[in-house]
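By written order: A, B, C and D. Residues from 1 in each chain.
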Amino acid sequence: MSVLINKDTKVIVQGITGGMGKTHTELMQAYGTNIVGGVTPGKGGQEVCGVPVFDSVSEAVEKTGANCSVIFVPPYLALDAALEAIDAGVPLISVITEGLPPQDAVKLHAAAEKKGVLVNGPNCPGIITPGECLIGIHPGSIYMPGRVGLISRSGTLTYEIGLGLKQAGIGLSTAVGIGGDPIIGIDQKISLKLFEEDPDTDIIILVGEIGGTAEEEAAEYIKTNIKKPVIGYIAGRTAPPGKRMGHAGAIISGGKGTAESKQKAFEAAGVQVAVTPSEIVELVKQVLPAMSV
Amino acid sequence: MSVLINKDTKVIVQGITGGMGKTHTELMQAYGTNIVGGVTPGKGGQEVCGVPVFDSVSEAVEKTGANCSVIFVPPYLALDAALEAIDAGVPLISVITEGLPPQDAVKLHAAAEKKGVLVNGPNCPGIITPGECLIGIHPGSIYMPGRVGLISRSGTLTYEIGLGLKQAGIGLSTAVGIGGDPIIGIDQKISLKLFEEDPDTDIIILVGEIGGTAEEEAAEYIKTNIKKPVIGYIAGRTAPPGKRMGHAGAIISGGKGTAESKQKAFEAAGVQVAVTPSEIVELVKQVLPAMSV
Amino acid sequence: MRLREYEAKQLFRESGIPTPEGKVIRYAEEIFANKIYPCTLKTQVLTGGRGKLGGIQFADDPNDAYKKAQDIFALEIKGDMPEAILVEPKVNIKREIYVSILIDRAYRGPIIMAAAEGGVEIESSDSIQIVPITGGNYSSYLGRKMATQLGLTGKDVLKFGNIVNRLWDVYTKNDCDLVEINPLIVDGDGNFVALDGKITINEDSLGRQPRFDGMLGAHLTDLGEREFKGKMCDLNIVELEGNIGILCNGAGLTMATMDLVFHHGGKPSNFLDVGGGANKDHVTRALDLVASDEEVKVLLVNILGGITDCVEVANALKHYKEIRPKANLVVRLVGNNEEAAQKIMNDAGITMTNVLDDAVKQAVAVAA
Amino acid sequence: MRLREYEAKQLFRESGIPTPEGKVIRYAEEIFANKIYPCTLKTQVLTGGRGKLGGIQFADDPNDAYKKAQDIFALEIKGDMPEAILVEPKVNIKREIYVSILIDRAYRGPIIMAAAEGGVEIESSDSIQIVPITGGNYSSYLGRKMATQLGLTGKDVLKFGNIVNRLWDVYTKNDCDLVEINPLIVDGDGNFVALDGKITINEDSLGRQPRFDGMLGAHLTDLGEREFKGKMCDLNIVELEGNIGILCNGAGLTMATMDLVFHHGGKPSNFLDVGGGANKDHVTRALDLVASDEEVKVLLVNILGGITDCVEVANALKHYKEIRPKANLVVRLVGNNEEAAQKIMNDAGITMTNVLDDAVKQAVAVAA
């Protein structure tokens, strides 16, 4: 079992004919993801990566029965692409695209909420259920299947932790890369709820970073809603205040969004906090035997 | 009993300081409607018709506990006024204003649906529960309380029928003037449902007119959902095709929206159809004794 | 307010929709400034079906064009004389498409309507496709969705989608009831071009669309003289064939009253809805308008005052009676401020009838 | 991209927000064209707190103004030299208000933020009011709602609401992250005027806002030289005080790596996130940028390829090593296309470390 995606997920790729779309379609296919088609307006009728390309999402859904879309289109076209997928009734959409203007993101998420559509991202690595299905840009080979749920704001840091766990022989039920943008769809709370309800997830790892108050809110949520053990990590403990850290723009400003505040919130919610990525693995190892008792 | 409004309804008037707003506030008060305040941005703090004027709907709701708003503001300001009432959590809004641009009406109703707010109108006479509460511009004196529910697209025709019934000693539970615009909130179906569920309504009168397909849709709805007797009437049987009839713009065009089509739909749904307004009264008289058996 | 073809095309171009490079001429002699042949000359009238009636001609050279321009300027189309001719280069048509945006009651909002074949009989076409624009929230994919519904493929999906994007711009920017391109053609080079267009500006919105100020009158050619005058002072009158003038307030009541006149064997000479909240002056104008029809033997006034104050109507009737003491007048006046109105009417010597059927029967009897 | 005051005010005026009638001067001598006294001279720098540092002066006559203009042009504000002075007539301030529109994570959309008192310390004010603009759907009542929340009454509700309407126009039309008027003043005649303003254009949106083309560089005065260069080629580098250069992909991993360097007792000289999907050339530019810092004793590269192709990184490292054979390089490179990258690295004689902690420890040891 897993959350959000599994071996039965039928995926279409919006922007499949672009360089990035094509490359990652091949990687997803190599991983075993059931890519049933692609969408590039104006290129319908072609075949790319062995799957048909359609001019519209509704046509793709109708002809393939797709229930998930991964979006690789350029930033200024991503809102329209996502609205198209929402309108076509796709229940799960992963927007990989980085650099979506925030005013577009607001419209995207408002439309998704209205229709009850789950949107992963934007600016995210996607989701992987190891051994079953990969949507997005995760390097599939560095994860193994197992019973740990992973939630992360950062893409590459997700890989880091997946790899560390694999090297320790620990696998994941699903890894959800929720994305680093200020406004995202599937957030920490939604992911926590899904993992709590998933019978095949035993432990949850929550990887946060400085900036915003999402971790504090997640900690509040954990207090009352999550019974499974949660292990937390916060990137950016040593970041200088007032500087945008990296492309995702994590920032400590006005004394808000600090690692200390997040760590305290985690601890108050009973979340064990790791100081380094490898410590996460150690903590999981400690919790796992306790659970098998 | 009644539908939508009763003696406990607390009403605010948006546009209370305007000529029409003031006049009809006085008429509503004279009828006994519990007007708790008014809203005119920029005129907060004044008193009009013995009630306080507020600058915003949220302030008015907070201070008065209003659960209904009647809107008398000019056409190009009506969308904003209605959005303000929706945002302030007012559950029932009656937009009396005529001449709201259709593109504004689309936005208004989309916002209302999203929040589950009932909007009466625009371009409507409002609603009256005789003897208890009047919102809008109905001349209160021509109705009497009773057990007949009245739904009408036309304002003055509603009065005509209310008067005819009163002269025959028949009263109304509630009269809902749904308004003549192409896009309205509380429509025939919603009104039918409310009257069907109202224990103090025995018969329903449905007054339609040529143009559009609302009557045909209502007939379909009646077939499967309405057990109470329904008496129908359609204005415009003799209207020449292709001509806009009156300010509300009822029109038969392209062979659609004809009185014949509506009459057939009514008859197929078991709705008795009156050919003149006075015949409505006769039909009600026939049905009433049958019911008291 | 329906625009003429050349006006519609101007709005198209402002929003980036390609049209043929046309020129508007108001005198036949202006045709000699046209340098591109063969060309098309199209009469600029508001009524449809001008092509079948000779309003569209093709010309191969200046002399031919001059003769045809003279013909067209002299040609009345269903009572409408052309105010101009639009001259355009004749285009190479590979394909014709119909596309429009309009508000639809059933969808509670705007829809895109299109058909894979353009043409004049589009209303009755079976191939009409619809894409709703839910809540008025447009995004480009909706235009492309329509493209695929029409069976377009490849680059044509983007080209057609782009036309719809711009059509949406025309529709919202100008508060339109309808924007229509018919036909939207694909020319020899594969470009999408609006060959003919129809735009209806929502009349309730004219007050916030200053660019159309003062244009309404020149765009109402399908109305009779009284209908036109009424429209110009916000009185909605429809002229009929009979001899009973009807003046009511509200479309529903006016229609019911008209139906009732027919029902009781009478013939209305008109249908006049004074609208909501009419004051004395407005009602006076309405009364004058009906009275200006010499066929009218009796004037049937049926007013139920809600937003309309009965006193305002009574004062207008009093004034009317003073000017035309012999006019036949049947009056029913009920509703807000009824008692005060009653008094004015009594003082003016106008009798009132309380029951609608009685009033109608009385009017029919007088007119017979 | 944060705009200077005079640039912000230009956008304000384009959307109809009143500002004082100002003039931008770039040479002190231009002050003599100013005719209105007393006047205010304001240095046009990007950093805040200019008033306390002498960047705002008042002058009563041309000679006074000239002297002060010279002073201001010579005055550095937190490392920033003025590129211009904004000269405005001194205004009569009856009241100061703070108002802004910005995106807020918690509300998942834009909010109106305002306080009944303007001033520089607004961030820490207790009187901040918030009105969310749900789903980005603005309507005028939201501005008026804020007015009433601020305690404004009467005509001021409409005047303030009108300012917010226009501020929303500025915000959406220019793809802003933030539009702020501080203070919004009420002058002696009761008019609302934007006395100072701050606008931040969203950098991801610059590509669709052609009016700001080429302006980014001149609006980054708070960056170090390398930070500036990085920004200009889409490399996000933050300069620190140590001697270990860090090059990673992704903000989270870069921060985690930086944290780990500190954790193991090292001192990073910088933090560089090459972003997602970097190719060989981009990584080469990143490597050159870090290497240009003479303090860097060792370069720690930690790349986990997802959207980034490990081969592209390997080729960049190979090239780097060829040019600087003696440079200390600790490399960890895992993920998509890892085997092929491994081969390139082996051929180039660069050893790789598989475990992050090992890589960091190794770098710390080399730098010590």
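Annotations
Simple rule for what comes next: a contact is a pair of C-beta atoms (placed from the backbone, for glycine too) under 8 Å apart; a residue touches a chain by one contact, two chains touch by 3 or more.
This one's a predicted model, so the numbers in the text were calculated from it and none came from an experiment.
Contact tally for B-C versus B-D: the pair with more C-beta pairs in contact is B-C.
Distance from subunit A peaks, on a Cα-centroid basis, for C. With centres taken as mean Cα positions, subunit C sits 27 Å from subunit B. Separating the centre of subunit A from that of subunit B, both taken as means of CA atoms, is a distance of 49 Å.
The mean-CA centres of subunit A and subunit C are about 54 angstrom from one another, to the nearest whole unit. Each of residues 137 in subunit D touches at least two other chains.
Pairwise, the chains that make contact are A-C, A-D, B-C, B-D. Across the complex, subunit A is touched by residues 103, 105-106, 108-110, 123, 134-137, 172, 175, 177, 202, 204-205, 207-208, 236, 238, 240, 248-256, 258-260, 262-263, 271, 273, 275-277, 303-307, 309, 334-336, 338, 355-357 of subunit D. Residues 41-45, 54-59, 79-81, 83-84, 87, 111 of subunit A are the ones that touch subunit C when the two sit in their complex. Remark: subunit A residues 20, 23-24, 27, 75-76, 96, 98-103, 106-107, 109-110, 125, 136-139, 141-142, 152-160, 163-164, 167, 180, 182-183, 207, 209-210, 212-214, 235-240, 243-250, 254, 275-278 touch subunit D in the complex. Looking at the complex, you find that subunit C touches subunit A at residues 134, 137, 139-142, 144-145, 147-148, 152-155, 157-158, 161.
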